[in-house]
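First chain written, first letter: the chains are A, B, C and D, and each begins at residue 1.
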Amino acid sequence: MLKGEYKVGVLGATGTVGQRFILHLHNHPFFKLVALGASSRSAGKAYRDVTKWKQVKQIPESVQRMQVEECTVEHFQQCDIVFSGLDHDVAGPIEDALRNAHVAVFSNAKNYRRDPLVPLVVPLINTSHYSVLPAQQKSLGLTKGYIVANANCSTTALVVPLAALEKAFGPLEQVQATTLQAISGSGYPGLPSLDILDNVVPYIGSEEDKMEWETYKILGGVSAQNDAFDYHAQSPLTVSATCNRVPVIDGHTVCAGVKFASKVKPSPQQVMEALSAYTCDAQHVGAPSAPQQVITVHQEQDRPQPRLDRDHQNGAGVNVGRVRGDALFDIKFVVLANNVQIGAATSSVMNAEVAALQGYV
Amino acid sequence: MLKGEYKVGVLGATGTVGQRFILHLHNHPFFKLVALGASSRSAGKAYRDVTKWKQVKQIPESVQRMQVEECTVEHFQQCDIVFSGLDHDVAGPIEDALRNAHVAVFSNAKNYRRDPLVPLVVPLINTSHYSVLPAQQKSLGLTKGYIVANANCSTTALVVPLAALEKAFGPLEQVQATTLQAISGSGYPGLPSLDILDNVVPYIGSEEDKMEWETYKILGGVSAQNDAFDYHAQSPLTVSATCNRVPVIDGHTVCAGVKFASKVKPSPQQVMEALSAYTCDAQHVGAPSAPQQVITVHQEQDRPQPRLDRDHQNGAGVNVGRVRGDALFDIKFVVLANNVQIGAATSSVMNAEVAALQGYV
Amino acid sequence: MLKGEYKVGVLGATGTVGQRFILHLHNHPFFKLVALGASSRSAGKAYRDVTKWKQVKQIPESVQRMQVEECTVEHFQQCDIVFSGLDHDVAGPIEDALRNAHVAVFSNAKNYRRDPLVPLVVPLINTSHYSVLPAQQKSLGLTKGYIVANANCSTTALVVPLAALEKAFGPLEQVQATTLQAISGSGYPGLPSLDILDNVVPYIGSEEDKMEWETYKILGGVSAQNDAFDYHAQSPLTVSATCNRVPVIDGHTVCAGVKFASKVKPSPQQVMEALSAYTCDAQHVGAPSAPQQVITVHQEQDRPQPRLDRDHQNGAGVNVGRVRGDALFDIKFVVLANNVQIGAATSSVMNAEVAALQGYV
Amino acid sequence: MLKGEYKVGVLGATGTVGQRFILHLHNHPFFKLVALGASSRSAGKAYRDVTKWKQVKQIPESVQRMQVEECTVEHFQQCDIVFSGLDHDVAGPIEDALRNAHVAVFSNAKNYRRDPLVPLVVPLINTSHYSVLPAQQKSLGLTKGYIVANANCSTTALVVPLAALEKAFGPLEQVQATTLQAISGSGYPGLPSLDILDNVVPYIGSEEDKMEWETYKILGGVSAQNDAFDYHAQSPLTVSATCNRVPVIDGHTVCAGVKFASKVKPSPQQVMEALSAYTCDAQHVGAPSAPQQVITVHQEQDRPQPRLDRDHQNGAGVNVGRVRGDALFDIKFVVLANNVQIGAATSSVMNAEVAALQGYV
């Protein structure tokens, strides 16, 4: 179903999310990186000269001398797909303008996540929400071009096992989640070192609200007319999230408890089997960035751990451990997801891969 | 009610808990430190020569040359009170022998916490449980001597605000707690640095069980005959605890959600006022180690934080912040307690102070 | 020689250095804190409302409601002494204007450190350089008011033992110093956490040059006419500094090697004795902030360590350990100094105390 | 020159060095991993069941079920080559017994490093020292089997650029080195977390002596008769090392200053070019583990940094930055080497690869 090679661009290419987009895209089987966008300060210069590169992998040879452009329609309308790693304070109008210029925009920014016609997609779960894209286009009088948002990093960690549980055992009724989030989630420069060394910060601005709200949208369905999301309306779900920042570089840990709507409760063993067996469309359509195993279930009682498990499968799947029963909830477990991979750039790229493979681009 | 000065000893004096006992006791208004106990390897030598001192404060001058003794009845029966910082693998028989030798033993070890006649006491909450001490003595045919245990460090952090809430608003029905615990909680050498730098360990052996079980005992009452604990039997309470280790030196953070039994729910504002207003017997009887304020309620949305708040009031009180409503529970909040102070040695010393001031020694 | 109480002000009062000035001054025996200066954004408001307080000790009660003023002559000319915790990009003209308004300015900023008539003073070493103050005033046509600078934090750590060695054994000829500097040295927000967690940054902008240059000025003498510094000219000294940032909150560690000019070399034992015996004018005149022991010499082979030793004597002295011989240099040793205490605010305050006690204010 | 596939074994296979040997060897082009040795406690069991695996990469499938054997001649004499990751307290007799059984032993332990007939080899420098192996065998009456040691991890970091400098500009006269060493260098469990979080330990037992002594042996030559090492005797060299432990997981940073024997001094630019141009025999003979670039010279003033640069080329080369002139030495620079790769297992494997390719096995 692929239409050959797709021209892709990256907005916010010099930032940390942009740097990760570049590492994902520079050698991609069917995406060809043709445009890099940054602020006017960097425009017209070679990428390597305007970027404070902060990745363990080196700047790809092919990208070092690429000229950086301003993030305008003029420079990016040649692209089939644009990935946006822009900060939310500038992302809105630029992404909208590119959509109007018939570009498929896959955004890591939060600006359009709550838009009633923008799919909020975790590629390991709900690429089926793309069915709403025609309605999005219709509402704007477009025949091409749209915006797809990926979820907040901590939401992504939580919802993958939740989706697998709902698929296997029916709707959830209650979810309690407490996060221990990595500092890379706050971007760069992000959190000052004096605030987090030998410390925990028990607050991340608006993160708890995002985790609750995004979960309803992602785990919910789509209207029969494919013109709206139902926000899990078919079965009431209550999510309570508590978010903390901890001195970990990459990898969000989420301690979760869940209660099923059904009176028949699965055992921890059944839960582990269901999580291990879970597969997703990104795998079925052959998305190159899809992990072999969506959810890796750990048997050791002290795993997953961010430092040891975050890079498994290039961080494209999630890790679950400590699946056990509970007196308050039905099941408790721990999730670990790589916030800078599946929690950010990897999600956007995989979303676009699925869109391309399904003919949405 | 004080009977003058009390002779006190410290078991496990060279370990980290023992070192903190010494810092608390070397200058105490009515406890006189007369005996230091350690393994036979150290016995007969000067304290400073057998101790790898790991505290920020220096070894008190008066203690440096004190001779370390073996932890036997012979060396400690001269004491009115003995504080035990022993590891649980050796604490049991030694503490029992001293009790039989008419010594009041205040132990930080876990060995007797579940004993049906040993009070498990957080001095900011339930020194009223001392009313069971005569029954303990009677059961052993003793007229003097007993064992009082203090709680596990993570339990201590959690139960102080819970006790304040029950005092103000009646019994709790559900408690959910997720901890982010400091490395000092695992003792010394404790956690290898390779296991925790840039990492989270989502498991602490038997800690979750302890937090649940100890909470019932501490928050519960005493039988009318003062010969048993009721483990919160008058009103069913379910506690669900999840425990994590994080790269923080001192200070356990606990993210908690609570549901009240009463249909009338307090507002976050009422909860904050009740927590601030809470006082305890240790304050009323004038225990020298009691904090001025049992619970310090923080208004800033990102507090309490371990590094900034753990040493407030020498770590003798607890800190609460982020009091807010919740869709799943009635109220959520964050607690911070200094695990090596009120979570360990400070508790034992304050317990003994109250016991002395109330005539139990 | 004190003229009663001195009115003092703090410039940059809301920053981290300013916060430490406040902790030093709010309860001072003869300095009365009367004015707090910050940017125009904060002016007119209560201190506690415009300050993101980041200290372990709480905001002093007496300071919480003090009104913050702009850093202008108008608001600070009432002061006998002004302490400057300003950033160097704004410190220059403000400090100069206050000097012209007859105020004694003790500055932690670097702007005037290289001024040929401004004493660069580490209070544990060279308060004798105050003899140049009349020449500074004369050059500006002033009868009152002057600027005294304290040294860079890493310089301070190094020069204290060097001064003690020169006092005991005559001039040094070569000094090699490699630092492991704490993150608090970069201010707040300072170093991003992503740059330093699980990392070392082997570079601190212009720090090596400062350590070399400042050492010559501080260890050097004053001309016979008290109108110039001699920059150690009486005996050639070469300093080679290498500076690193490490993930430590407070406390700069410096590994040093020294070669004496004299052919007769002291033994490590003699060096340790000389360091321990060293005293300074700040002690002799009774400066309240002076440490009891200027240099604490550690015998344990793995000390000093930042976390364990930085707060000894409130960080007002320095720690030296691992004094040993060497094949390349005569003596090698390790210094630890608390960069936010003796390396910053404590130095300024102690400098002012000595100035007041010696009649310079 | 290869004689086909070589059977190899790993001693100490369950430890951290052993785990890294396994990751290097499980897929090797001409080494076939046939035997895993550990303590008698683990013998007879499947590898995955007796190993607390602590690597980011997972246990190779092919190794998981391999049976662990005791480290005896019986189990390892089938091997052409044995790699030893044993602790030094047990390594000596086992390695000696295997040598006597005609096995080529490549050891990471320190036991035979000072042996006058055992080559101490950093594979990026002095595989030419293998010319002494016949003398080693002759002294023991052997025709096959020998021991080759690799260097201490901090020595390895330092000597690679030193060798390149001597090759380009002639002998060095003085070397000053201060290290900032990663915690993984102390093994597992190694350093307790309480000792190193927010801290520096300015001492590593016997490390400074090792760095000085090993440098002489490695940089030195071999006697004309190939029966002795000359320990750099042809030109006197003085090394002064100072060693520190810092809270970094992997990657030793070394700040070095060097003085050349020659009166003609190279410029920093010439030094950078010489370091970049340096090649070694491991590259020339095509050792599979040899890095493409032995020394990567960084131009950015704040590089190399452990977290960003340690994994470049799988840690098989070293990184140098901040090459600059100096008033005390001729040239100063910073080296970073991955202590668990080129500083340990990678060295041993590369040493064996060269030996095999040169016909020594």
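Here, a residue touches a chain if its C-beta (ideal position, glycine included) is under 8 Å from a C-beta of that chain, and two chains touch if they have at least 3 such contacts.
Listed by chain with UniProt protein names: A, B, C, D = Aspartate-semialdehyde dehydrogenase.
Quick caveat, the model's predicted, so the values are computed rather than measured.
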{"item": "Joint neighbours of chain D and chain C, given as chain labels", "value": "A, B"}
{"item": "Centroid-based (C-alpha) most distant chain relative to chain B", "value": "D"}
{"item": "Cα-centroid distance, chain B relative to chain D, in whole angstrom", "value": "49"}
{"item": "Between chain A and chain D, centroid-to-centroid distance (C-alpha), Å", "value": "41"}
{"item": "Between chain A and chain B, centroid-to-centroid distance (C-alpha), Å", "value": "43"}
{"item": "Residue list for chain D, restricted to those that touch at least two other chains", "value": "54, 197-198, 247, 249, 307-308"}
{"item": "Interface residues, chain B side, partner chain A - complex", "value": "174, 176, 178, 180, 197-203, 212, 238-240, 242, 244, 246-249, 253, 255, 257, 301-308, 321-322, 326-329, 332, 334"}
{"item": "Of chain B, residues touching chain C in the complex", "value": "54-56, 58, 197-198, 249, 307-308, 311-312"}
{"item": "In the complex, chain B residues that touch chain D", "value": "54, 183-184, 188-198, 247, 249"}
